[in-house]
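Here come two complexes built around chain A, the first alongside chain B, the second alongside chain C.
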Partner chain A sequence: MNFLLSKMGLYAVAGWAVITLNFLIPRLMPGDPASALFARFKGKLKPDAMEALRQQLGLNDAPLLKQYWDYIAQLAQGEFGLSIAFHPEPVLGVIKIGFIWTVGLSGVAVLISVVVGTGLGAYAAWRQGGRFDAIVPPAVAFLAAFPYFFLAMILLFFLGLEWGLFPLGMAYGPYSAPGFNGGFIYDLVSHGFLPCLTIVLASLSGWLFVMRNTMIGVMGDEYVCLAHAKGLSRRRIFVAYAMRNALLPSLTSFGMALGFIVSGALLTEVVFSYPGLGYLLLKAILSQDYPLMQGIFLMITLSVLLANILVDALYYVLDPRTRGGR
Partner chain B sequence: MKAFWSNRKARLGSLLVGGLILVALIGVVLYDANMANAEAGPILAAPDSTFWFGTNMQGKDVFIQTLYGAAPTIFYSLLIGAGVTFLSILFGVTAGFFGGRVDLFLNLFINIFLLIPSLPLLIVLAAVFQQHSDTISGPLIIAIVLIGTGWAWGARVLRSQAMTLSRRPFIEAARLSGDGSMTVIFYHLVPNMASLIGTSFIGATTFAVGAQVGLEFLGFGDPSNVTWGTNLYWATQNQALLTGAWWTFLPTGLGIAFFAFGLVLMTFALDEITNPSLATRRHFKASTGQQPDLDTAVVHSMPPKDVDFATAEGET
Partner chain C sequence: MNLLTVRGLSVDYATPNGPARAVHGIDFHVNQGEVIGLAGESGSGKSTVAKAIMRILQPPGFISGGSVLLNGRDVLTMSRSDLRDMRWTEMAMVFQSALDSLNPVLPIEAQFQDLAIARLGRRLAPAQLREFLRFVDLENRVLSSYPHQLSGGMRQRVGIALALVLKPKLLILDEPTTALDVVVQRHILRGLQRLQKELNFSILFITHDLPVLLAMSDRIIIMKDGLVCEADTPSALRRRPEHPYTQQLLASMQLLEDGGDGSPEERT
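== the complex of A and B ==
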């Protein structure tokens, strides 16, 4: 129980830190960037939107603590301010749809990447020093050196444009109506394939090396030695003894990896014009839509925290040592 | 250093990184900003004997842009890498050395920074900082923001190493002989973590290349500067993917990829030298002949488990 409690404590503090950071960043910068931002939109927005922006950037005379309290109260009501790029729309409304696309795309990609990467890593450890181990891990590391968006550009260029195997962007075609039918699902998969492949290829390396290196460590443990001495087959020792125990460290590195992968996924979306949060983020940057940026920042960060909580809950179930209350 | 050179990954990695640094230097020596921005030829010419890498939408020579753009990207990556490593040492080693309440607080701080996805935070920070763009130049903003957010990973690794080392007799001895905390940290602890700090520096530089180029790709750089990041920014702005102008993004992208790959190879090599069991066996055999003289303290601090395993595995 201690494990779970301390973890939850960490997440609570992290969540609070993120929310507070979001409040402080526009207010604590030197030389009042908030009013510079504000001045830039004068005349372009309706008065009520200007008032909302003024509040959000902290350009009122209320004491900081009062502003902070109002900000928290607004967040609690799901009030993220008004978007500038999509003018009268509230930020939350703009983010909602993009959020679903991003979670769907990154979720599927991360799952595939974890399973494939861990599998490859385990196999490389099993064949340590063999041809597979000599070729696959360096190749995967090479792919990981590509920035996500560059890998995305290459895949889009060759598989999409030159060979015409896949559509050139967006989440589904202009002629298919969203619905639960074969045609639309096919459309969805063919549009999602390249972005997903990009994220998987670029993120494989982490899982592969954690798994390979932990496996190699575990194979030297006493209980594996004992299993060898008992005369168990190498395959059995590998799968039932070493792999099961080596899987846990992969799970612990999941949290940190997720942040990196999500960052990469956002850039990938930009290349594929995939209508997720990454694409919205680009729009927000181009039109200097600060409230939208903040909304996306909060949404992504809080979801990553949530994903971490879920993984830790899983860890708690899988690893009996975390439950060891004496 | 001998152990480092006898490792194939280390050699290839250093060659890649060194080669690209050389390319960057050549680019700066041969060309200047005016030449890189000059409209040298026809629009979107495919690579030929005059324009080796073709020209872009503005008729600029992609070969010159690739060579000239290498220097700022590589230079800032190394600078950011150094800054990130400095903060990692500061936070990580302090936490590990002092332990107790200091560690509790700093470790919480480190863990929170590790949890926050970097890119959205970078964007929010860069957007606010950009309002200063008259006083601070684009690349510098990116550098400040990246140094401020990138240190947590290294701090975590250095912290655990500092924790193990500070319980060792030689640190105890230094403390008992009356050295102050700062002296112990900087004269006894940090020098013994050299190889790990090296790894952190390489890792931080890798992070810096990717994040810096990513931010510039999104338009946070100064678009009139020629860097690897802005090259890719302009390639997408000009719809290189739809016009089929692969030569406008491929050379720059591959330059970034090879630089980052070279750095990753060097990290692997350092990992294998400090923990020989990780090597593919060929390397392992090659490096058993000599004691790694990189940093004996770190080698001795490896858990005995790995050492046993290395010998056991070598026999089978």
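== the complex of A and C ==
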């Protein structure tokens, strides 16, 4: 229990640091977002509009501590201000929608990648030096050598454009109404298939090699040797002795990957015009939408923290050594 | 009657420059109910012999010749399933390192039950589990513990209890107490001697600790560089060691005793 408590304390501090940095960075930047926006309109805005913008962005002349307090109070109410690119939508609403798409797409992709990659890695190690081990890992490594966006464009070009097997972009077609019915779900899956495949193909090798290498190490351990000598079934040795122990290092990378779900699929989302957070972030940067950018950054960093909390909890369940106590 | 007969056993390790011989055609036997000590310095091939007898040698090690007869059947030519049936029912082994031979993510009870399910097709009853723990002088709470929660001595006793579950006729102990301090070591060895008399199994005890062997073995085999250089009873070895290496070993022991470190009998 102490392990979890001390971890939670650490995360609380990290969370506070993230929120504070998110407050400080725009205020420490040279110039301010309001004047940048003002300049973009090349004199079409009146000077008092600029003052209004500054107010809206929370950039007033109040003392820094007062601003900080107001910022925290607003955050607590889920108030991130209004988006400029999607004016007059509130930032929170815009992010919410992007967040759902991103987590839906990348979440599924990362899960598939982890399960398939880890499984392939474990099996390759179990049959080390065999035919499977000779073919599958190198093939997967070859795929991973392509950058995300390149793989995405190749898939889009051949499977989408040339052969017309999948739609070219967006999360669902223009003629289907969102709802919980067969037609819409089919539409969702066919739109999500290519981006999902891209992420899986590009990230599979990481999981495969981490698992294969730790698994080979674990299989040389005395307790696995003893399990063989005791005559346990091969299945039981594979699952409870070799794989269970080899999974622990993969779990740490899984936490990192969960965090990157939110930000990492940016390029894939851009290629497929998938309306997730990555796509939103690009739009926010292009239109200098500071409130939206700030909101997305906060979202990404908080998700990384949350994912790590989840992994620590999982570690607690899977590895008895972290539970402490003699 | 000979329980175990090892004849001309040779073990090689594959290296890039061809096989390197670690054990050079050794012969010895173990009788029913006997305690045999196998002594020698590190690298003399004694652990390799134990693994070869159990046929759990890991590559690059491989058996290159000889036979290992257990109750008249050659272990080295047994099929995989015969081998599985033989291990733990006829001979079992306690591994060298107490720290690494238990699965860190399973509680101790599960490691007993795994064995019972695989080999007996059923789980052990709580009373049976308690009986095995009583053999090695452990409390019941050990069952729900994980390996990291136990001391080295407790883990090694768990290892011994695990080896006894299927009542083997021969117990191979590969340096079972090397990593433990002298007091714990003595406690475990006393318990082992008592158990051996109670259940009447044979022991092949591998260690570099000659004083321990002198005190508890019926016969001692001394190995050096993959060869048996001498084999005799403890008293005969003490009286007139023939091989220079044995003389050296005994002399080094004498040196310690004269230094007032306690007699070897006391150390068991």
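The criterion applied here is as follows: the second predicted complex is superposed on the first by the 283 of 326 C-alpha atoms of A that agree within 3 Å, B and C clash if a C-alpha of one lies under 4 Å from a C-alpha of the other, contacts with A are read in each partner's own complex, and residues count from 1 in each chain.
Going forward, a residue touches a chain if its C-beta (ideal position, glycine included) is under 8 Å from a C-beta of that chain, and two chains touch if they have at least 3 such contacts.
It should be emphasised that the depicted structure is a prediction, and the values quoted were computed from it without experimental measurement.
Of the two partner chains placed by the overlay, only chain C lies in contact with A:A229; chain B stays clear of it. By the touch criterion defined above, A:P47 lies against neither chain B nor chain C after alignment on the C-alpha atoms of chain A.
Of the two partner chains placed around the shared chain by superposition, chain C is the only one that A:A240 touches, whereas chain B remains out of contact.
Look at A:G78: by the touch rule set out above, it reaches neither chain B nor chain C.
Legend: residue contacts after superposition of the two complexes on their common chain; A:D221 is shown touching both chain B and chain C.
Of the two partner chains placed around the shared chain by superposition, chain B is the only one that A:I285 touches, whereas chain C remains out of contact.
By the document's definition of touching, of the two partners only chain C reaches A:R321; chain B does not.
Put simply, more of the residues of chain A are touched by B, taking chain B and chain C as the two choices. When the shared chain is aligned, no partner comes close enough to touch A:P63: not chain B, not chain C. Chain A uses residues 220-221, 225 to touch chain B in one structure and chain C in the other.
Those residues of chain B that touch chain A in the shared complex are 9, 108, 111-112, 114-121, 123-125, 127-132, 135, 153, 206, 209-210, 213-214, 217-220, 232, 235-236, 240-242, 244, 246, 249-250, 253, 256-261, 263-265, 268, 271, 277-278, 280-282, 284, 305-306, 308-309, 312-313.
On the side of chain C, the complex with chain A involves touching residues 54, 56, 58, 84-85, 87-88, 93, 95-97, 100-107, 114-115, 118-119, 146, 148-149, 162. Partner chain B is touched in their complex by these residues of chain A: 10-11, 13-14, 17-18, 21-22, 25-26, 29-31, 33-34, 36-37, 128-129, 133-134, 138, 141-142, 144-150, 153-154, 156-157, 160-162, 168, 213, 216-217, 219-221, 225, 255-256, 258-260, 262-264, 266-267, 270-271, 281-282, 285-286, 288, 290, 293-294, 296-297, 300-301, 304-305, 308. Chain A meets chain C in the complex at residues 220-223, 225-233, 236, 240-241, 244-245, 318-321, 325-326.
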